[in-house]
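Heads up, the thing below is written out as structure tokens.
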Amino acid sequence: MILGKKNQEKKYVDKGKRLDGRKTDELRQIDIEVGVIDQADGSAFVQWGKNKVYAAVYGPKECLPRHTQNPLKAVLRYKYNMAPFSVSDRIRPGYSRRSVEISKVSRLALEKTLVLEDFPKTAIDVFVEIIQADAGSRAAGITAASVALADAGIPMTGLVSACAVGKAGGHIILDMTKEEEDAPDAIDLPVAYVPETGEFTLVQMDGELQRKDWDELIELAVKGCEMVGEKQRLALKKKYEGEVNE
Amino acid sequence: MILGKKNQEKKYVDKGKRLDGRKTDELRQIDIEVGVIDQADGSAFVQWGKNKVYAAVYGPKECLPRHTQNPLKAVLRYKYNMAPFSVSDRIRPGYSRRSVEISKVSRLALEKTLVLEDFPKTAIDVFVEIIQADAGSRAAGITAASVALADAGIPMTGLVSACAVGKAGGHIILDMTKEEEDAPDAIDLPVAYVPETGEFTLVQMDGELQRKDWDELIELAVKGCEMVGEKQRLALKKKYEGEVNE
Amino acid sequence: MILGKKNQEKKYVDKGKRLDGRKTDELRQIDIEVGVIDQADGSAFVQWGKNKVYAAVYGPKECLPRHTQNPLKAVLRYKYNMAPFSVSDRIRPGYSRRSVEISKVSRLALEKTLVLEDFPKTAIDVFVEIIQADAGSRAAGITAASVALADAGIPMTGLVSACAVGKAGGHIILDMTKEEEDAPDAIDLPVAYVPETGEFTLVQMDGELQRKDWDELIELAVKGCEMVGEKQRLALKKKYEGEVNE
Amino acid sequence: MSKTNLYWVIKKDSLLADLSHGKRSDKRKFDEYRKITVEKGVSDTAEGSAMVQMGKTKVIAGVKISVGTPYPDSPDKGTMMVNAELLPLSSPDFEPGFPSEDAVELSRVVDRGIRESHAIDLEKLCIREGELVYSVFVDIDIINYDGNLFDACELAGIAALEDTKLPKVKDEKIVEGEFTGKLPINHQPIECTFAKIGEHILLDPDLEEDNCKEAAFTIAITEKDVICAMQKRGSKPFTKDELTSMIDTAIKESKKLRSNL
Amino acid sequence: MSKTNLYWVIKKDSLLADLSHGKRSDKRKFDEYRKITVEKGVSDTAEGSAMVQMGKTKVIAGVKISVGTPYPDSPDKGTMMVNAELLPLSSPDFEPGFPSEDAVELSRVVDRGIRESHAIDLEKLCIREGELVYSVFVDIDIINYDGNLFDACELAGIAALEDTKLPKVKDEKIVEGEFTGKLPINHQPIECTFAKIGEHILLDPDLEEDNCKEAAFTIAITEKDVICAMQKRGSKPFTKDELTSMIDTAIKESKKLRSNL
Amino acid sequence: MSKTNLYWVIKKDSLLADLSHGKRSDKRKFDEYRKITVEKGVSDTAEGSAMVQMGKTKVIAGVKISVGTPYPDSPDKGTMMVNAELLPLSSPDFEPGFPSEDAVELSRVVDRGIRESHAIDLEKLCIREGELVYSVFVDIDIINYDGNLFDACELAGIAALEDTKLPKVKDEKIVEGEFTGKLPINHQPIECTFAKIGEHILLDPDLEEDNCKEAAFTIAITEKDVICAMQKRGSKPFTKDELTSMIDTAIKESKKLRSNL
């Protein structure tokens, strides 16, 4: 999208409502479905606004090549990948610096919540496939991955919930769309948070952030993650109860 | 070559003769020479019309990396490669999807004729190099490879003979040239066949085939492969007798 | 740089002086500093005219992957790399045929001077990074590497000294600059030489060399390398004495 | 977790025993497809898309269209490329990394079914002869692998192409979000795949059958019963009669499969 | 020689013991940088360059400028790319070969500090809208790795950019050796990195601290105290208060660091 | 099958014993080539081609010509590239995959022999200065490796170039099958390679000699006795006198080799 000067006059929040009708502290529609890939040990499908994300977990399994094994715990591996048709310009399959970085920070966002010590010398693979991308695909990926890990029965100290907060047109808002992220003054601050412990496992930020906005932003991020966490728990409960009823 | 409308008026068979003077059920000139690469355990050079193809066999030999070994039999590997100057537009050396596919189907076309159980844990490498390509280079490659495997002394239940049948200008023909393959209505149906057992080990097809033509095509393919098989046996006999005479 | 006809009229040596004021048998300014990379087991920094070159040695160390080990001696490895900004057109990081060849000939230029038999099954890594390149970067690299190997305490039978001799504008000269190398009649003859033994461990040549010039060129190369060797020894002595004084 | 080779050797014995009594594990007939659903328009970012479920096998095809240069030997035609990815997400047997031999074969056979049937009217995709044409990319993500990817991917590919809108082009560039109509589609090629286990030949192999098969045969057929591509797979040979019989079955069964479009 | 994992486990225990007494191995305060030197103009072949030493960590940044096409979504702007290489020359822990995950993260975080602060006035690098722009490549060679590469690389990158001359362009090509002035630089982003070991948070980790850290946090800040990028690293979480405290320290300490430019 | 290292250690001892009695395994003199045949025109698809057999070593060179852009530093000249592939077909010692260090060196030394002698008149390959030139690709396939690839490849390369027709160009594209004449060739560089085993120096090493050699020296020489490229290979050093002696022999023997063209 070409950003002309007109964009600067765009009202990102008008009478308390954003371009898509949401309130400033409102998440997009989030639907989480558990156990959607029957070949996987655990899986989830997350629709988050226009994001469509599959996550699958395989493991604990043999860790190859051998020299990558850890004698004391399982090795967590995470691969974030975008389908070639997931954005407006086709992505050529293969290596991208962006995917490498997102895979790394996402893995680290999950690692400390898993009791990896229970499975020494093994590997746990998390694969996240972005079928359709809007702003927030990494947060949707982490959210899906944490649910898939729970579905796979990996023991954990808490679900990891992720979302982004930021700013557009001077307003502090929760869970931006692509259009809001393209605002000339946009800030994008994705976080991953463990509601059980009140700790952040991922914090990134791009944009031009004033110190004075920080406290409000980080509070809003906590609130957003808590709402996401609620949806994760409901989705798992639904599958679990569904199974009980069958 | 640019296909204009004139091509559609081209007569591919005129008074029983094709553009190169052949009859519809006639193979191009095929010359097979055995034992042309003295470093290899077995080898062959096939000139088939304008195709020029070398095949070399190395093995049975140690199979590395180890985890690719099969404890019950030899692993057959096959690499089809085109010289950069083998076609009119230079081919850049390296990976091509076409070569990967041809290597795979060619390997599978040969595998069941070899007594691989005699050499557990080993590898047998087949390398096929296309020095000059016309239509039918994969069939020429398989034909050369089967002879090279026999020359290497790999025990086999039968030679694999390959050729293509197809259609151009409405005529069912054996062993098309590139010009015939470029006919607007061309069908290309390459097969590999074991005359000893009457079985097909490779069948591929591109084009627009009517069911009614199938029986005639497949009969012609059998006939073509039998003629190819005769040439393979003669070439091996010639080398063998040559050695006896020496 | 575009070579026009005017270059052929350029005087590469005028009244005994070259374009940069040097005599025909004079080296550019060479400064060698030992022990500049504290993480490495041995290191050196060489400024040679406009060339700026770091060399670091790591090892003897475990040689991985295992199948590359030599049970009788250490394996010497050498990686010549140019910083992307080391020449006027940015170099894209990664594989280049030129770097592969230079790494190979440089490794072989050093190998026989090292007592690799003292460290069976290990590897010794030499990394050479060209920060700024002018003519002669491979010679500067070998010169730096030999000093770094000495600094790392690898036992050796002699330092390897390298330089290039050649011809420009009809004059036989020592240690060409890029401008001289671009002379229409330029010859570039880089050598590596072990003053202790009087032997050549690297000889390469590009250009159009007449047999009659050979003897003079190779004599000049010996002289150049001996001067380089003197500087190498001084630099090592300086570090050694510096340490004693501390 | 990934099954060992030994598992499949034992599984094959039990499969063969059942097959000799005419039984498939899910009680299908030998020439019967699993339940199939086709859902078009599953992606907003693609110009066309479709999700296909064939039993538990689940694949998503997305079509992207850009502008490019034609091939020198067809200056008046658009270009088309099919790429299927065996995502490690979809099976414990698929590894991350460079496309495997199997992924390449799958991509190329699905590509040939579409290309050789002239499913897309590539001549209508020429913008300026010899210089500028539409380039059609059909990318297929495997989401869950439960056997017979070839037929599921071909079905998803053609469904996605039928769903595809042709973007407007201005100043040699795609205009985001504006379209000139549908992608011109002339034919509906369908692939039918048979697995050979022992002497039994089964249509639409499920995961166990696919893993135990000794050979397979894939036949692409248009709505006019034209066979536009064939590919034998696996090492076991076929007789002429087996080939002929599979072709006849495919002509019949492809119609049912096509009715899902 | 490369240290074993066991070495770092033991080292961490001793580090923690010292830290609990408020001691760092080189007697620095927890929020104090090591000695820093910045030397601009260290390369004649680059359009701009700088060497930064932060303690014993030594990095060299070189800027090359070429002409290219703009990105479709910003047709009136030049382009910029940062690439940092973890040269095996600089540490026994870096392997030759394809850029590691760590090298990619380093490159991208340094890139974001420069990009998001709008340090380079990319609009002034447009030569002909939509067609021809200057492309700025910032390449960073790591020469000696003694901890905290992020801050050293960002500092070297911005110093090299400040040192950069803009080459003249004629007939769509760079004229070698002729310049039209300085590269237009608007801001001076600085990165400040903290390591968390146990419950201790340390500014500018040295090699031992970097290897023993359980988490890290990098904050990029401009001369106007605008935070333009942040990146948590490592697996250990941070609390909100820890994050806030690091931000406040970074705003303060970035000024001192910037004074080296 | 590939020989073990131990095999070559033992072989070398027996070779050395024979050499000290002045004997080579095939009774050649130390400065004598094996039987050489050069056959031009072995390919219809290449613009020029040649097969060279040197003893049992067999290589095929093919020349392809396309149109491209000149290098910025020589806008009025065509371009040339040599690529030799150590096909695993030709020896148990060559592995499939990425070009090895040895393949790169071979390609580059053969390339230099042709380039530095100005064998091709590249100025005549300029179509439109600074914009359009002929690009010459010399690709060499190794079919059977029985030692001394450098000399065989250089000979095949120059023979193929002499065999090359220059295609017609229309509308900036090659016209298939139409030619404007021969590729302009000015010189005939020949490479002569010596192997050093112990203190013995042997011209044209065969497979055993090549595998036992401790060093080698390749010298490229034109028909006017101009030395246009040299390359020492292997780790053992040479003395000045050895180098001089090899140069003198090469000047003499290159003439005989050239007579095969």
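Which chain is which? They are A, B, C, D, E and F, in the order written, and residues in each are numbered from 1.
Everything below uses one rule, namely that a contact is a pair of C-beta atoms (placed from the backbone, for glycine too) under 8 Å apart; a residue touches a chain by one contact, two chains touch by 3 or more.
Computed from a predicted structure; not experimentally measured.
Peer 1: Going by the stated contact rule, which chains contact chain E and chain F alike?
Peer 2: C
Peer 1: Walk from chain C over to chain D along touching chains and report the minimum step count.
Peer 2: The least step count works out to 3.
Peer 1: Select the chain at the greatest separation from chain F, using centres from the mean of Cα atoms.
Peer 2: Of all chains, A has its centre farthest from that of chain F.
Peer 1: Can you name the chain that lies farthest from chain D, using the mean of each chain's Cα atoms as its centre?
Peer 2: C
Peer 1: Rounded to the nearest whole Å, what is the centre-to-centre distance of chain A and chain B, using the mean of the C-alpha atoms as each centre?
Peer 2: Roughly 52 Å, centre to centre.
Peer 1: Go ahead and note the Å separation of the Cα centroids belonging to chain B and chain F.
Peer 2: 31
Peer 1: So how far apart, in whole Å, are chain B and chain E when each is placed at the average of its C-alpha atoms?
Peer 2: 57
Peer 1: Quick one: chain C and chain F, Cα centre-to-centre, how many Å?
Peer 2: Whole-Å distance between the two chain centres: 27.
Peer 1: Quick one: which residues in chain F touch 2 or more of the other chains?
Peer 2: Residue numbers touching two or more other chains: 72.
Peer 1: Going by the contact rule already set, what residues in chain C reach two or more other chains?
Peer 2: Within chain C, residues 1, 89 contact more than one other chain.
Peer 1: If you go round the ring from chain B to chain D and onward, which chains do you meet, in order?
Peer 2: Loop order (chain B start, chain D next): B, D, A, E, C, F.
Peer 1: Can you check the complex and tell me which residues of chain C touch chain F?
Peer 2: 1-3, 89, 97-98, 100-101, 103-105, 108, 111-112, 189, 194, 197-211, 214-215, 218, 222
Peer 1: For chain B, which residues are in contact with chain F within the complex?
Peer 2: 1, 36-41, 50, 52, 54-56, 58-59, 61, 79, 81, 83-90, 93, 125, 127-129, 131-133
Peer 1: Would you mind writing out the residues of chain E in touch with chain C in their complex?
Peer 2: 1-2, 42-46, 49, 56, 58, 60, 62-64, 66, 83, 85, 87-92, 96, 99, 137, 139, 141, 143-146, 176
Peer 1: In the complex of these two chains, what residues of chain E are touching chain A?
Peer 2: Going through chain E, the ones touching chain A are 72-75, 101, 104-105, 107-108, 112, 116-117, 217, 222, 225-240, 243-244, 247-248, 251.
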